[in-house]
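Paired with chain B in one complex and with chain C in the other, chain A is shared by the two complexes that follow.
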Partner chain A sequence: MKTDTPQVPRGEGLGRTIILTAITAVITAVMFSQGKIPQDPKGAIALILTFLFANTLFFLIIYTGKTDRYRAVYFSTFAVMLIVSFISHMLEARGSMSLSEAKVFQCEVPFCHLVIPMTLVPIALTKTIIFPGSLIGGYASIASMFVLWIGATLALGRGFCSWSCFYGGLDDGFSRVLKRPVIKKINPKWIYLPFAVLLFVALTAAAYLSPTYCIWFCPFKAVTEFNAVTSTEILIQTIIFVSLFIGLVIVLPVLTKRRTQCAFLCPFGAMQSLTNKINVFDVRIDKEKCVKCKRCIQVCPTLSMSEESLEQGRTRITCMKCGKCIDSCPKGAISYHIKGTDIPGKRNTYRLLFLFAAFLFLAIFSSHIIQDGIVRILKLVTTGSMIS
Partner chain B sequence: MPKIRSIAGYMWAGAAIIIVLATFFGSGFFSRTLVAASGVKISPLYSGGEVMRSVDHGSYKALIHRPVFDALIGESKEGFVQVNWEPLAGLPPVIEEPVDYNGDGKEDFSIRIDTKTGKATLTRINPLVLSVINTVKLDNGWVVRVQLKKD
Partner chain C sequence: MKGFFLGLSNGVTCVAYCTPVLIPYMLGEGKGVAQNFVTLMQFLLGRLAGYLCFAFITWLIGLSIFGGLGSKGLIIGILYIIFSCLMMVYAFFRIDVPCAARSIGYVARKIRVPLLIPVAAGLLSGIALCPPFLLAMTDAAGKGSLSYSLFFFFMFFIGTSVFFIPIPFVGALRRLQALQIVGKMAAGIVGLYYLYTGIMAVIAGAEGI
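And then the complex of A and B:
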């Protein structure tokens, strides 16, 4: 019989796993379909595949007791499908990936969460949003992204960065390409850089009333939308976007096996780290069980585990709650935890409560993007084009 | 005390799951409430500011926005005024518009736009009017922004 505090955590039994998966199956069926089956066969296939994909991964997470392995598959698929869906959408609406001046003047630029840190000071002082997007309605409206951000922050804290962000799956995916890292030593002080970037972009955005990170530094412009190169300034910006994307999202994650963009640049990630303080879930180390093998320090993609963490029994504030250290610990010393409760305590219960919140966020948030991505791919296969 | 903290922790964790579901179920409602309750708007630096006056030209109209000098605190030394013409279908090949941007009854500048080429010609009357910043064709018309100096 299984106890609630095993030496090395295992998954739930088959019966319990089926019951738990049935719960997510009902919720995801309702949320993914929004009460109706698409008439278009491609849409119906996409809905069924997305549903099966989500619930199979949830089943495996619960049954095997391994979180990160299956989470990463879902998270990276989300990121890839976002690119497929977003680019197709832009090509359909504008005929190109480049942002036209007309869309800026009409305030129709899709808003993403990375802009949020730059908007907060201007909102507080001028009650205005410094972004040419749509407040409500349209594709990726500002208010809907704020609501998602507030919900994710309350529910997951920086867990957002392993369970919700539609960009994070890219460097997460690339960090898994090689079996062993080529670059092993990274100065842990780099984890403070995103906080400096956060301060810099928040101040410059407030001073110029302009989202400076989006204009100058966002690596994801390279795979979403960018200004047509019509001046030297835009050419420099484009070179910066592409270089940061290739360097921090592809090359360095492959070579270091770390999520370098998320760990060493992203200002939103830095802001989200601060929200870990008000979130109920964290990752804790049972000091009695830990044998100081340092495996968790080696595998953490964000350098959120350190020798100090092992001494204190808690991760650094930058922890994204991905579960990789938990999966890797040979002694089962690390676990998800609910603040205010005992350690190790009812670790399986803590894990389940966290997983329900995190997994449902990922599944529901990604569902329409993954469905649209599948439809686009089916269109490509059957008609030779992803757009209508 | 530890028991109370533990119960509070579990309740908060349970609430996290409810928050996730509410975030998605109530997204439309929460978005509208957030905008209405906070009173936030798109910065006039992007929206062009509120329309101050509309001039009817028959098949099309000109919308003259308020001059925008908005800064984080107070006003900046330089700003702009935005003028839109719409609808696209009703516009003549060449638009000519005398503009009184400060509402003092006197013309401050006149702007001429060739809608075939997008070429804009500015005739400055008020010395606070500087130059044309942008001329852009929109889905439903044309827009121009003219740079201004603060009085």
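And then the complex of A and C:
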């Protein structure tokens, strides 16, 4: 054990924090309102609440120096609001959460980023988008999702999975329910499973020109939309979605305190891991400061920290840049870092640069969804129904 | 296409078993990348010959066993279920699988004619009774057509061969172990597909009795 005095980094001073938060406040005010205050009082309340919520959390992240604690609140709220908003939309537009064949043929299925790995090969080979969604316009169009995804990927790499994805907050939230894990040992080989799923779905989607993951494996179908059960095949698919959702998004995250769906199944997450290679930000360990207490290995929700990581001073490729290990390290040995610079270097500057990018993407992705979710909840409270 | 996927998902494992022989052989020969490619081609030709032999045998098996059966779908469904479960166990829970390719090293030492080493090694590695191979056999045998069987095994060969391409650039294999795990797990997912097909075939077969 080393005996040097710990240099645990603190947050920024109050004055600096206020200035930094003022910058995000201006940007988010414009972004959330899109230049106009809604006439409808529920819309106006939702706008103000979303604005205050986002900026208070940003303030706390900067001021306390704790990233993951406050990020998780924002991220999980985003996921819950997505469900509220999405289901309300589906009920409003179609009268149910199930998809009819007519909607599929009319290409009115909302596009979700998890489809992207399955669309890339067919786009390259046949110039066809194998998803029955609308290209532009409408609810969750293909073009808007692609643009946002490319931007977030360039800026954050797999940080997308802790700062942008509208599903990730679910298993993230459930992984925080218990104070201690009931299941402590997980074989690290399971972190390879998403890559196998990615290989399988990318190739089968290319071969059959159909989004196989959406049809067979996506756990989130259970809380968004699914095909009306009209055959044994669709019944089996529905059982798979629901079992995966209950198992990987609720039960296992609670028992293991890990993000089991994101770490051990999601093919999109695997693809994002590969983009970590080209992203400028990473999470690094200062080997001089590390005392090998292994706290970071215990807390990492994706098994991206290992003893090998401590030896090499870097995380596994699957790191989602959530900041949990950084918050937990008793010696302040772990930090956000810009590739090609010294370690620890200007760690506070690197952290701020990363946080600005990450926070703004979280705000972009979530603003409309959180506002709409609040409006729906207000409607529910005042009228007894979430839909118009 | 199914043959290709089975091959593809199993290819990494094939590479894992074959490279311990191929790479020392290539390094031992001390030739350049171009010559390594020639060796690899000889090896792959041997593999192709092995697979095509099996395609023929599989067709014969299909003809003699399934040909006269009324409840063919039921039997094939049961075989799918057994082999897909085997494949999933092999993919997710076990490291060791039966693979004839392991004996390549021994045979390679016995055969002294240099040109024959890669060909013989390839031929032997084409005769493996690992779970993906058994599933491929069931699939091909069930159709009862020689051309389907040959095509199926040809695609299986293409799928497994994809992973052999980087071998001439020996240094590129640092991540072989990670790739091997990913490949095996992909095989496990293909197993899930066959399990589903098997269950559906059994349901349909049972209804037909």
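Please note the rule applied: the second predicted complex is superposed on the first by the 382 of 388 C-alpha atoms of A that agree within 3 Å, B and C clash if a C-alpha of one lies under 4 Å from a C-alpha of the other, contacts with A are read in each partner's own complex, and residues count from 1 in each chain.
To be clear about the criterion, a residue touches a chain if its C-beta (ideal position, glycine included) is under 8 Å from a C-beta of that chain, and two chains touch if they have at least 3 such contacts.
Just so we're clear, the structure is a prediction, and the values are computed from it rather than from any experiment.
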item: Which of chain B and chain C A:281 touches, first, second, both or neither; value: first
item: Contacts of A:207 with chain B and chain C, given as first, second, both or neither; value: both
item: Touching partner for A:196 - first (chain B), second (chain C), both, neither; value: second
item: Chain B versus chain C as contact partner of A:364, first or second or both or neither; value: first
item: Residue contacts on chain A - larger count, chain B or chain C; value: B
item: Contacts of A:236 with chain B and chain C, given as first, second, both or neither; value: second
item: A:154 touches, of chain B and chain C: first, second, both or neither?; value: first
item: Footprint overlap on chain A, where chain B in one structure and chain C in the other make contact; value: 207
item: Partner chain A, residues of chain B touching it in the complex; value: 2, 5-6, 8-10, 12-14, 16-17, 19-24, 27-28, 30-32, 34-35, 38-48, 70-73, 134, 136-139, 143
item: Contact footprint of chain B on chain A as seen in their complex; value: 27, 31, 101-102, 104-107, 121-123, 125-133, 135-136, 141, 143-144, 146-148, 150-152, 154-156, 206-207, 209-210, 280-281, 338-342, 350, 353-354, 356-357, 360-361, 364-365
item: Residue numbers on chain A that touch chain C, as the complex places them; value: 189, 192-193, 195-197, 199-200, 203-204, 207-208, 232-233, 236
item: Interfacial residue positions of chain C with respect to chain A in the complex; value: 1, 4-5, 8-9, 178, 181-186, 188-190, 196, 200, 203
